[in-house]
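What follows is a group of structures, each given as structure tokens.
The same chain A turns up in both complexes below, where it pairs with chain B and then with chain C.
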Partner chain A sequence: MTARSNILPLLTVIAAIIVFWYAAAVWMNSPWQIDRYKKASVDWSFSQLVSDTLNQERPVLPGAHQVAVEIWKTTVQKKITSKRSLVFHTWVTLSATILGFVFGTILGIFLAVLIVHNRAVDKSMMPWVIASQTIPILAIAPMIIVVLNAVDISGLLPKAFISAYLSFFPVVVGMVKGLRSPAISQMDLMRTYNASNSQLFWKLRWPSSMPYLFTSLKVAVAISLVGAIVGELPTGVAAGLGARLLAGSYFGQTIQIWSALFAAAALAATLVMLVSVIDRIVMKRMGFVSGKAS
Partner chain B sequence: MNDEATTVVSAKNLSLTFETNDGPVHALSGIDLEVDKGDFVSFIGPSGCGKTTFLRVIADLEQPTSGEISVNDMSPQEARKSRAYGYVFQAAGLYPWRTIERNIALPLEIMGYSKADQEQRIAQTLELVNLTGFEKKFPWQLSGGMQQRASIARALAFDADLLLMDEPFGALDEIVRDHLNEQLLQLWDRTNKTICFVTHSIPEAVYLSTKIVVMSPRPGRIHEVIDSKLPRERPLDIRESKDFLDIAHQVREGLKAGHSYDE
Partner chain C sequence: MKIFLTAIAFWLVAWAINEWLVRRKIRSVLISQMRNVIVPVLFGAALLALWEGATRGFNVPTILLPPPSMIWERIITSTHILWADFRQTFMKAALIGFVLGCGSGFLIAIAVDRSPFLQRGLLPIGNFVSALPIIGVAPIMVMWFGFDWPSKAAVVIVMTFFPMLVNTVSGLAASGSMELDLMRTYASSYWQTLFKLRLPAAAPFIFNALKINSTLAMIGAIVAEFFGTPIVGMGFRISTEMGRMNVDMVWAEIAVAALAGSVFYGVIVLIERAVTFWHPSVRNRATA
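Presenting the complex of A and B:
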């Protein structure tokens, strides 16, 4: 598809979302506004109501322009070292995300290698790996923080651990499948060469698993961010997107919440895009045809 | 052909039974066969006659249930460990992430050949299968026939005197197959390797072989071994000669007598 044929449907969707958003904002903010008009005994028109509901200080649902202004003020117009800078908070969350993503990826690959090479581990480990993901992360995050705090680990690491707790899962599942993806005839071929186990791994299993790894990494990096944000919620930390969300909800700063949400979404999109770009480069260099695994 | 024929593969009363949920399957039963050095032996028969299984037993990819087998006077396992044979599978099975030259280098890397030696062997085998100039291409950039030639080059790259080929041209069209058959014969002639070749094409078996092993199913066994009297030099049109048609007829009769056409 050409860029031109893509852009019209995209703009239509965005326009529809914005129209819906503003309609919802007016509708949700008007009860409070009307209440105020009544208390002040002022006459009001519909156009005034619309204008006022979209410019409240603590709206139930802020207008898009309010969020945009807030983002502008807290990024471009603030020094990034400031506690009020969204860039600063985004960086705090990003560092935990990246660390958690790296931990999770390494752990995931390590477990997948064990599972593929050892039947006992395969049978005993996989149920635990799956069980680990059925526990709500919101329930386990505070415990991880408390336990780690008791052994004097706080700050970045607990958040990274929670992030890793989520992100290792898609990596394990993807890599187990990837490392097992070579066809029987390819395994037989290595056997006819009398290849050692490490040769079998590095020359066949590992390269075969690359497309699977990158698919997993795209999922993992997004949920790493979720993990890092969730990790910021129960700690009472002062910095990070999660802290912004929490503080915003304590003080009814919905505009702040929404701007943090948009920052998180933009960050997630950027991270996934980054992994996709690396994916494409690696696949191209490895000679995989795009969209085809073999 | 050879002044003194030495035995490369020798099977005595070899049997292999697979235990399946539907009861035992007699894949091979009472196989007696000798393959001499420099032979081109074709195994022909319907599916289920055990031809591929026998090749896999030679390659130590399957274990016989009873009987004896030796490859280069060793057990198949010892032969495999001393890298005595090259195996060509039905599917080319090239690694998609390796270029053609890296694919051919694969066994050489595993077997620890030096870099210089690798390069020389890659060039040599690519020339042997007429793929010079395609070193840097990835497998998907090549046609099916070229991929299969590359996989043959991969099996030829290291010093194995025995080449085991499991229906290598089965998935290719008739024209490409003719061409590859001709090239394979030239290659066999030049390298003096021993080749065991599984096929279910009668013309292919007759055209290529010095010895045709006709097999029949349930249980998989050798029905007849036909020695070909065709000359070593075989142009494609030899297939219209009377000798050729005689042997083909003999193979067909053998298959018929072995109840290969019953179903």
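Presenting the complex of A and C:
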């Protein structure tokens, strides 16, 4: 399947989504609008209703153009340092995400190396690593933040901590799989070369785990953004995309919520794409056949 | 300090036993399976002992980290609150949302599967949406569907829909052309092929989605409660008791959530093993 054959279907689906969105917006916003017409005892036509429902101040569901205008206003027309700039809020969330992602990745790789090399760690830790993810860890985000605040750690670190916790898991699982992926014949070959344990690790295990690592990293970066956003919800922090969401829901500013949501989506897409690009470069330089790995 | 040292000693002994257990070569299947249970349990017990010893030994303020025994006491004394919260958040919001989200994702995947055009259009979008922080729709859903559980179920539906859709579509593509040809030589209809070949072949993918979704459902239901709830529910309890500094109650709630999440996941794994008994990953487990 080439990329080109995907474009037409993709555009069709996107167009359908936008049409559906506008229909839903008119439908959901109209009760309030009709109510207002009645109070002002204005005669209204259908076309007027449509144009009014799409330009409400606090619609139930804003139209796509309203969200676009809001995003344009809060990114290009505001100074980056301003508290009302979406770029500022995105940056706050992004920095926590990246810090957490880096910590989580390092921790994950470290744990995976330990698990692969020590059977006792493998047998006793692996079930708990898996169990740790069935715990809805996002739910205890508020507690982690309050507790860390109590010991005078605030700002970036608590959020990064949650991101790290969320992102370490896919890395551990992927890396354990990857470090164990060399075939027995390859391991035997290394042993006939009289390779030491560290040589075995750096020359065989580590390189062959790379495709697995990048597959996990794509999942990890997306999930660590979720962690950073949820980490901003509970404590009433003033900055970040999560704080924007919360403030928007308190004051009924639906357009603000949607624009924060789109900013988060764009950020997630960019981060995943960035990892994919690095993935492709590394794979190419290492001589993996493109498209076969991951 | 004495308590802490005892805990450390317990940890070391447990670790030594684990090392010893792991190094033994055991032939019997039953005993080696028992070992696979005992080793992690011992590790968990050692961790709990270390936690208890550290918090009691160093007099860590309970607001920061209460010892496990205190949390256990709280669980025992307030079971009715925990049960009410569990019913509100898990049995209503998470479970109903999970069933509806997975069900609709599954059905739409089957519908989409018949049209390659829709497939090529929807799959990239589905993959893209799966990577998004969907949890952000929570405030919107609370605004649309009110404070009670339907809004939380709606968040769960949105969160679980796309993993199910993407996995089912790729699962339906997993049956081999040889097998499909065989079905055609039997003159089987579309539905016969679907039920007898393609859905069973897609089962590992579908269960993968169910497993991912089981955790997502718990997370969605609890986090959505941060945006407004009636005065019951796990997310509500966690955020309010945290505000009142009743940390032991928060931990009790977390313990319940962890238990519910693990059991939920475990049940899905059990069903998976029963349904996909033919799959290599399950077969190997039975013989090894």
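Quick note on the criterion: the second predicted complex is superposed on the first by the 284 of 294 C-alpha atoms of A that agree within 3 Å, B and C clash if a C-alpha of one lies under 4 Å from a C-alpha of the other, contacts with A are read in each partner's own complex, and residues count from 1 in each chain.
The definition used in the following text is that contacts are C-beta pairs under 8 Å (C-beta built on N, C-alpha and C of every residue); 3 or more make two chains touch, one makes a residue touch a chain.
Only a predicted model underlies this, so the values are computations on that prediction, with no experimental measurement involved.
Once chain A of one complex is fitted onto chain A of the other, the partner contacts of A:G155 are absent, as it touches neither chain B nor chain C. Applying the stated contact rule after C-alpha superposition, one finds that A:T192 touches chain B and leaves chain C untouched.
In the superposition on chain A, A:P207 makes contact with chain B only, not with chain C.
Judged by the number of chain A residues each one touches, C leads among chain B and chain C.
Once chain A of one complex is fitted onto chain A of the other, the partner contacts of A:A264 are limited to chain C, with no touch recorded for chain B. Partner chain C is touched in their complex by these residues of chain A: 1, 5-6, 9-14, 17, 28, 60, 119-120, 123-128, 131, 133-140, 142-143, 146-147, 150-151, 218, 222, 225-226, 229-230, 233-234, 241, 245-246, 248-249, 252, 254, 257-258, 260-261, 264-265, 268-269, 272.
Those residues of chain C whose C-beta lies close enough to touch chain A in the complex are 15, 18-19, 21-23, 35-36, 39-40, 42-44, 47, 63-65, 117-122, 124-125, 128, 131-133, 135-140, 142-144, 214-215, 218-219, 222-223, 226-228, 234-235, 238-239, 242, 247, 250, 254, 257-258, 261-262, 264-265.
Residues 59-61, 80-81, 83, 85-87, 89-91, 93, 95-99, 106-107, 109-111, 138-140 of chain B touch chain A in their complex.
Against chain B, in their complex, chain A makes its touches with residues 183, 185-186, 188-195, 199, 203-204, 207, 210, 286-289, 292-294.
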